[in-house]
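In the two complexes that follow, subunit A is the common piece, with subunit B as its partner first and subunit C second.
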Partner chain A sequence: MSIELKNISKSYGPYQILKNIDLTIKTGELVALLGPSGSGKTSLLRVLAGLEYADEGTILFHGENLTDAPIKKRKAGFVFQHYALFNTMTIRENIAYGLKAKPRRDRPSKKEIQEKVDQLLHLVRLEPYGDRYPSQLSGGQRQRVALARALAIEPHILLLDEPFGALDAKVRKELRLWLRRLHQQVKMTSLLVTHDQEEAFEVADRVVIINKGRIEQVGTPTEVYENPANSFVYDFIGNVNQVRGTISDGLFTTGAFRIPVDTAGQADGIAFIRPDEFTIQATNEQAADRTLSATVTHIHPSGSVIRLELERQDENQNLEVEVTKREFDKLSLSKNQHVFLEAKKVKVFTVN
Partner chain B sequence: MVSQNHSEKKTKVKRRQIIPGFGLSLGLSLSYLSLLVLIPLSMIFIYTSQIGWGGFLREISQPIVVSAYQLSFTTALVASLINLVFGVLTAWVLVRYSFPGRKLIDGLLDLPFALPTSVAGITLATLYATNGWIGHLLPFKVSYTQVGIVVALILIGMPFVVRIVEPVLQNLEKENEEASAILGANRFQTLVHVVFPKIRLAAFSGFALAFSRALGEYGSVVFIAGNMPFKTEIAPLVVMQKLEAFDYDGATSVALVLLVASFLILFLINFSQWVVKRKFAD
Partner chain C sequence: MAELSLSRESGGFVQARRHTGNTLTEPVWVQTLLTLIVITFISLFLILPLIFIFTEAFQSGISAYFASISSPEALSSIYLTLTVLVIVVPINTAFGVLLAWTMTKYRFKGKSLIVTLADLPFSISPVIGGLIFVLLFGDHSILGRWLLSQNIQLVFNTTGIVIATLFVTYPFVARELIPLMENQGSLEEEASLILGAGTLRTFFKITLPNIKWGLLYGVILCSARSIGDFGAVSVISGHIVGQTNTMPLQVEAFYDGYQMTAAFALSSLMSVVAIVSLILKSYFDWKNTRPA
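Entry: the complex of A and B
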């Protein structure tokens, strides 16, 4: 089932939290809504579920207009960050809740409900825990119960609100991969809200970057990482060095660093350079344009990637550079050494 | 009473404590408790034991005493059941809706705790008398009947259920109800299957406390009850009358039954909390 959002806007009092959101999610796709806290991503999810209503705009589920439809009609499964399990019911009762709540004419028989619950317990790998209470389960197990409970009513779409936000790093990672596999199995149109870019990139088919109620970029994880649409996206997804400078006559300049840009006229600009997109050189023989001269101030020698902190010589600014262990050994760098950093890939944005 | 801390189970008192004054403060509070609660209460047991089982049973099986017990227990039960229903409703209204005057009503609810019970009794007796403001509107007599007793007991027991259920309702996660709605349950199903199970323990505690209080209430009831033996004479009044007649054996025997009933109720509250916490607590 596809989802189409057209021009969705919503305000809480004077604060506009969603501004003209347009988004289409294809059938069977897993899309991540990625943004900082307060960006409106959870509100968008709640509007989709029918827990809140948009002030403006249209929501289409498979072409059917459900903008003002009550929660029930949307047939959405929802997974909350803090599980929201019914702690006075056993795991089985939790999972069966949606089926038992159906009006009598649609309600499956007791035996069918039993079978469905067994099936779902198997799916979330919690067969031995059916008769326990939520308080007797770990966080990761509880979230799997929440997912089974959401799937029990055979929803048309699955909405996940920071589902792994309350879990520790290791469990998060496991559940992430498990969710990815589960999605490949059931192929349900799913929307995942997260503020963790690693999570979004690892799980989703497409990523929607949202900030201050506006969509900044939509694309596959590779597209977004390789080609951030603007300075916000560049800054938000992953570590990046920001070098300030001026643009004039199609050239961005900071100190001795110069690269051509498309922008005409005069403006202030920021160059974005990822830590792994530098080449370190001991000397600057070719006197290349896109080179910064800097001094090594700190070396973090852990893992397969060595992180270096450097200070620019022409200006008081710290840079972060990552090199592979092999390259680091070849250069035999030491603290306080003077080096030249050639930027392999730079993206310049004008500052408004 | 309600939120006792069960987590600290120590077999022996630690010798070294970070916060000084443990011995002194424990000693003081224990002797204070003993003087005011433990010794007077145990006196009732000791005094009653002097007349033996036979004497005790004879005292409490007098027809006038039995009928007073019946009256006290039934009126307390009816009043606290009514308080249970309306207390939960009031708590729900105060927590879930915002309306002008909400804070005022919330504050007024404590009035029955603060109000001198005799004042409450006189006011109710006048209002509900056959020629009183409310009484003349009603087709049946309230003041000087058993209905009057129930009215007084409702008033003095009113805050218990509200005050205990209120914080529990406040702390209910909204997400639980949202989850229920998304799973297709209607408002009524959500209320019955999700909300009520969460507040039933608090509601029961409030009910039991209100019942316990109503059982021993004297001040407000004597003004509105009329105090006719076998009709509107409550058990605490029987104790009072026996004391006035210097029948100490009788008075303590009747009192002992009330005391044991209170203990049982307290025990029941704590036991049910223990059971529920063990099962569902996070």
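Entry: the complex of A and C
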């Protein structure tokens, strides 16, 4: 089941939370909607589920126009951040709820429902917990029940609203991998909302970056990471150094550092350089205009990657650099040492 | 270094102990005195009168007690009170659920104003509540005169008493439910709708089980008030003995006629109802606040 969103807009009073959203999700694809809080990503999901209606635009499920269709007709499975399990029912009753709610002619027999619940309990690895109540389970277990409950009605699409947001880091990581594998098994068209870029990149086939109700970029995790479309995406999807400077006659300049850019004319610019895209040199052998001279102010020697904090010598700015343990040992760096940073990859955007 | 961290630790320990000691600073004699004042007050104003009611009621013996509560006037008042109860409580339960549902599950302008207005019967004197309806439905107003010309009598009869009692008791259920439902939010309802359940199924399978104990608590309070209200009913009933006297009104009528045993016997009956509802209320409250 493919999903097509055309020109979706929505406002709450004076606040426009979705602005002309166009998006196509292919059958069997797992797409992550990634954005900061308040970006409109959850609203988009709720509009898709039919919990809210768009002011403008069209929603097509496999070519069928369901823009104004009631919730039931959309056959969407929804997983909430805070599980929304039925607290007065056991786990089995929770999972069976959607099947029992079907109109009499479509409703499976009691025995079929039992079998289906058994299957789903097996799928989410919660067989021993069927007769417990939600309050007797941990957060991760509850979210797996919520997923089983959503899958019970064999939905056409699966919508997940920050499904791991309320869980602790370790459980979150486990469930993420588990969801990835589950999706490979059932191949259901799925849309996952998250504000955690690591989660989006790890789980999704494609990532949609959304900000202030607008789509900023759509692409595979590699595409988005390698080629962020604009400064917002660059800043949002990872730790990055931002170096301010000026653009003039096709050159971006900050202190002694200058590199050619495509932009013509005069403008202020920001150069984005990721911490792992520097080479550290003790002496300035390379062309001086590609390097920043800096002093090591702090060393975080944890794990296989060493994080360094440095201060630029020409301007008052802190930089963050990551080097491998091997490289670090080879350079035998120490605090207060003066080094040269060569930027291997720089992306410059003009400041509006 | 080790010594330093040790001393900091012991410092923290002393601080923690002093902190727990500090939460109740009053000397023991002050605590005892305050507790005694509370106990004395409750005994004087609640327990003593309750004992007094029962001793007075049974003063002339058990047979006199049963004779006085089975007098035609007493029986008629009990019958009327129960009639009003079985009409008022279901209506106000349904309306209270509706009010709470609307106030917590929908968003609209002027909502807080309605929530405030819903509490009006608590802040207004019941006498005024009764008077409003006498003025509205009696021959003082255009509406009242028109109703009378159509032969519709809404004051000085059971209908009037029901209306006045409805007014006095409608906020009880909603007041219990609104904070409860606000706290629960609409997530479970949304989940139910997405799973394909209709509105009715969602209400009976999801909402109702979640608010069950709070609802029963509200119903008990509503019933107790419906049985016991004096002010509004007193104004609108017209005090016709054997016809429009509810139990509290009949107690007053007995008292005014110097029939002390009868007055106290009927009072004792109402006290039993009050005590039973208090016990039920505490039970439901306990059920309600206990995690599922």
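Basically, the second predicted complex is superposed on the first by the 350 of 352 C-alpha atoms of A that agree within 3 Å, B and C clash if a C-alpha of one lies under 4 Å from a C-alpha of the other, contacts with A are read in each partner's own complex, and residues count from 1 in each chain.
The rule is simple: contacts are C-beta pairs under 8 Å (C-beta built on N, C-alpha and C of every residue); 3 or more make two chains touch, one makes a residue touch a chain.
What you see is a predicted model, and the numbers here were worked out from it, not measured in a lab.
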{"item": "Fit or clash - subunit C, subunit B, common subunit A", "value": "clash"}
{"item": "Subunit B versus subunit C as contact partner of A:Arg149, first or second or both or neither", "value": "both"}
{"item": "Common interface positions of subunit A, toward subunit B and toward subunit C", "value": "49-51, 71-72, 76-78, 80, 82, 84-88, 97-98, 101-102, 133, 135, 149-150, 152-153"}
{"item": "Subunit B-facing residues of subunit A, complex", "value": "49-51, 71-72, 76-78, 80, 82, 84-89, 97-98, 101-102, 133, 135, 149-150, 152-153"}
{"item": "Residues of subunit C touching subunit A in the complex", "value": "187-188, 190-198, 201, 205-206, 209-210, 291-292"}
{"item": "Contacting residues of subunit B [partner subunit A, same complex]", "value": "173, 175-176, 178-186, 189, 193-194, 197-198, 279-282"}
{"item": "Residues of subunit A defined as touching subunit C within the complex", "value": "49-51, 71-72, 76-78, 80, 82, 84-88, 97-98, 101-102, 133, 135, 149-150, 152-153"}
